[in-house]
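The two complexes that follow have chain A in common; it is paired with chain B in the first and with chain C in the second.
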Partner chain A sequence: MNRTLFALSAQAVVGRRRGVVLLLLPLALVGLAVVVRLLTSDAVGVEATVGLGYTLALPLVALLAATAVLGPEVDDGSIVYLLAKPVSRHTIARSKFAAAWLTTTALGALPLAVASLVLDSAHPGRALALGAAGVVAGTVYTALFLGLAALTRHAVVVGLLYTLFWEGVIGSVLSGVKWLSVGAWGREVGHAVDDLVDAGGTGLGYAVVAALVVSVGSVWFAGDRLRSFTLRGDE
Partner chain B sequence: MAESTSPRGTDDAGRSVIHDLGYRPYTGPRLGSTAIARSLVLTGFRNAFGLGRSGRSKVLPFLLLGLNLLPALIVAGIMAFVGLDRLPIGYAQYASTTQVLLGVFVASQAPVLFSRDLRHGTIALYLARPLPSAAYAVARWLSLLLATLVFLVLPVVILYAAALLTELDVSDQTREAGVALGLAVLLALSLAGVGGIIASWSTRRGFAVVATIAFLVIANGVVTAVQGIADGEGSTRVAEVAGLFSPYSLYRGLMGAWTDADTLAPPTGAGMVAAYVVVLVGLSAACVGALVARYRREASA
Partner chain C sequence: MSTLVLDQVSRWYGNVVAVNGISMSVGPGITGLLGPNGAGKTTLIALMSGFLAPSAGTVTLDGTPVWRTTDVYRHLGLVPEREVSFGYLTGRRFVLANAELHGLPDPGAATERALEVVDMVEPAARRIGTYSKGMRQRVKLASALVHDPSVLLLDEPFNGVDPRQRLHLMALLRRMGAEGRTVLFSSHILEEVEQVARQIEVVVSGRHAASGEFGEIRRLMTDRPVQYVVSADDDRRLAACLIAEPSVVAVALRPDGGVSVSVADFGAFALRLPAVTREQGLRLLELAPTDDSLESVFSYLVEG
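The block that comes next holds the complex of A and B.
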């Protein structure tokens, strides 16, 4: 961790237009929760609303945050100035991850808990569980997308295909996808905190180990890619 | 040699100057703005699929196209070997099922057409030509529209061919495929507009992709959630009105109204169906208008 790098990365995440879109996503979720709460009586629509936040808003926030800390610098080539500094590439990766992780937690996981509280204030345990699930899934998503951003220029599209196509479309057809689905791991942890959250179906032990392995591995991989970085022109 | 090849220098010697090297000017026909716009549309259409660009940029569009066509080919194979008496998936329903791939395709290829010229400043070279900035904007939008249409229409064609080859009723199939094509045009119009306006607004490629997807998918997700809840509560009118707020849900609504596909809260009554069409077309028109304004500002800057 390097505080200067952390501050610079944080600036890149929330700066200008990206910050606006990053804010709009959780606002849309909480706004939807408020509208649903006002229009319906008792806890109808918690599943639909929170499911939307968990399967769409959270991965998108993580993707925006993780690619923001690395993508633009690689695109315009200014990352060579950063890599020329006498700082370990792994430290760079970790600092960037820290900035992205903080954003994902604040704007991806926290709104889940807030939306759950708005819709169903009788069960604060559910909000806590959803928050926990969001933090776990958000951490893995952020690390995974950071690794992708260090690997390829098409990190955003690959990340989108992973969350929307692999986890969403394929995952709804083939149940075996849950073993390779970040969302299922997070749900499993949420289920362990409170029964009201559906289990992912992989077992808590597997979910925790898989989440840890992928997170640590991805951040290390990002650092390793930066260590042997080659700059390519625009295609 | 100089006596015969120089058109101006030798014929009236008085106007000849020492610098006249005898180069011949272009005297052939000069094509106007229409031809420039037409070739711009064609190049843009090819570029959207990575044709005429590096090998690496062909991977993504063709991967997406392949994934999009795969279910249609599988359906065609099943039709051939099992011999079903109807298609297992409706023509119009297909695009709704693979909407994620469609969204990712539009989102990832719109920056290719709209962002790069703006980011690298090459837009100045286009605007220095006789082509007006509005024509440039419309040409780019048309390229994206055509590419999106290819993406949407090819599966319908494959399914239609499979249906005809297994000798399903021709008139029924033709009518349903026709409706699906009409719907495909409406959806492509709005997707190309939305993708274009976001890509020209934010020229950072990765960011434009996520912003487009966020708009398409989150809006659709919010609408679906509201529709599900409102339908469960018994207020179908609310569910129908909610459907007006995202391109995908508009498509889904019209599909429910015009085909026998089973969808959540399709619009009932001619007025509501008309509203769906008007909103979908109006959104596209508004996006094109905004694009034209965007490039006019670029031209005058």
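The block that comes next holds the complex of A and C.
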């Protein structure tokens, strides 16, 4: 990892308008949790509220963060200023991943634990488990979307469709999808931490290995795409 | 002292050939890459800077292939035509980031030195988003100079730069060339290239059309048959008289009136035309050059 690239990438996340959107998502989630808590008795609606954060807010934060560190620079070609350096392209990809990952963890996974605590303060273990599930799923999402941003300039649209349909609709209808569902892998890890979190149904071993393989593979893929980065004219 | 060598380099996209079998050696001093828009100058610079894989042939810097060798950037600086889009960074932060990425021992000092060279010390504290086109150009240059490279590649550096900054930039390039660096810049304007570059490489439609010292290129471009349309009250008789002139190489009657004339010796033709028409009692109605555009000069070079 390279400190300069990490700092530049972090600035790319917060230095633009999408920084505001990134903040709104966790605020909305925690806000929703507070409202639900005020209107209902203790420990009601944890699954529904945090589930919404887990299947929707978390991947969205990961998508925004991952595409912010790579998307615009690749789109307008100005990443060439970073690439024309004696620095391995894989190091560049890893540094960008690190910045996006930190964003996802802070604004995607941590709010899950906070929302869970707000709704069900009697079970801090549950909050911890949801946070862990969020970190695992958030890591995979971030890596996956980083690879996507290195592959296509339509990464945001493709990522949105993936989140809404694959992880959202199809994942809840067809149980076989769990083998290829980032959300299910994260849940499996959360379940291992605390029983109150539903298991993903793949077994812990499979979930951990799958999460690792997809994460490492995606970041490597992003680096490999950067190695082939091509400069184009303005026309 | 570094030399960039292109050996039979081609690049194609599907059926479209962007660069066609170009061989050239770019050594210390200033080289101008001249060609009309769309000739493949940006593609060539991308090939030279390791941002495009050649479909055939090799591009090497002092013997090392530039494609997928990130270490060449220790000796190579690139100023792309693309705008810097890091609008949220200050000029100084941007140049400093470049210095740090090069792993320089004292990035802060290198940054100040580069900012001084391009005369951007004072606005360096402002965000790039607030810069004018000329200032962005200079910050880009500072970022490419910060590691003191022996090779500097610039894509259309004079585009959109005001005249005062243009002179400053030209002086800067001359100084870098005089220091023994290998400087190559692209442009579609002959006069611009002539003012700075000793060596000129002409590229047209992806092909290496001409190469030489600027005097030779200038002669190649001006000593060529020039096309005129001349019309008089009797075109056929005018054509007969003109073909008798040694300065004229071809004459054709145009279907819609007038005579197309190919002139080899433009000076002699200019002197003889009024004399001939007066001797013959012809009344000259129109004299117009038909191909004075740079594009036709270029296409002549390719065909010639």
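The rule is short, and it goes like this: the second predicted complex is superposed on the first by the 229 of 235 C-alpha atoms of A that agree within 3 Å, B and C clash if a C-alpha of one lies under 4 Å from a C-alpha of the other, contacts with A are read in each partner's own complex, and residues count from 1 in each chain.
The rule is simple: a residue touches a chain if its C-beta (ideal position, glycine included) is under 8 Å from a C-beta of that chain, and two chains touch if they have at least 3 such contacts.
Keep in mind that what you see is a predicted model, and the values were worked out from it rather than measured.
In this overlay on chain A, chain B fits alongside chain C without clashing. Contacts of A:G15 after superposition on the shared chain: chain C is touched, whereas chain B is not. Of the two partner chains, chain B and chain C are each touched by A:P72. Here the apex is the CA centre of chain A, and the angle it makes with the centres of chain B and chain C after alignment on chain A is 70°, in steps of 10.
After superposing both complexes on chain A, the closest C-alpha pair between chain B and chain C lies 9 Å apart.
Common to the chain B-facing and chain C-facing surfaces of chain A are residues 72, 234-235. Per the touch definition, chain C reaches chain A in the complex via residues 37-38, 42-43, 45-46, 49-53, 68, 70-71, 73-74, 76-78, 80-86, 88-89, 94, 97-98, 100-103, 140, 143-144.
Interface residues of chain B, counted against chain A in their complex, comprise 53-54, 56-57, 60, 67, 98, 100-101, 103-104, 107-108, 116, 120, 201-202, 204-207, 209-211, 213-214, 217-218, 221-222, 224-226, 228-230, 232-233, 238. Of all the residues in chain A, the ones that touch chain B in their complex are 17-18, 21, 24-25, 28, 32, 35-36, 39-40, 44-45, 48-49, 51-52, 56-57, 60, 63-64, 67-68, 71-72, 75, 154-157, 160-161, 164-165, 168-169, 234-235.
Looking at the complex, you find that chain A touches chain C at residues 2-5, 7-8, 11-12, 15-16, 72-73, 76-78, 80-89, 227-235.
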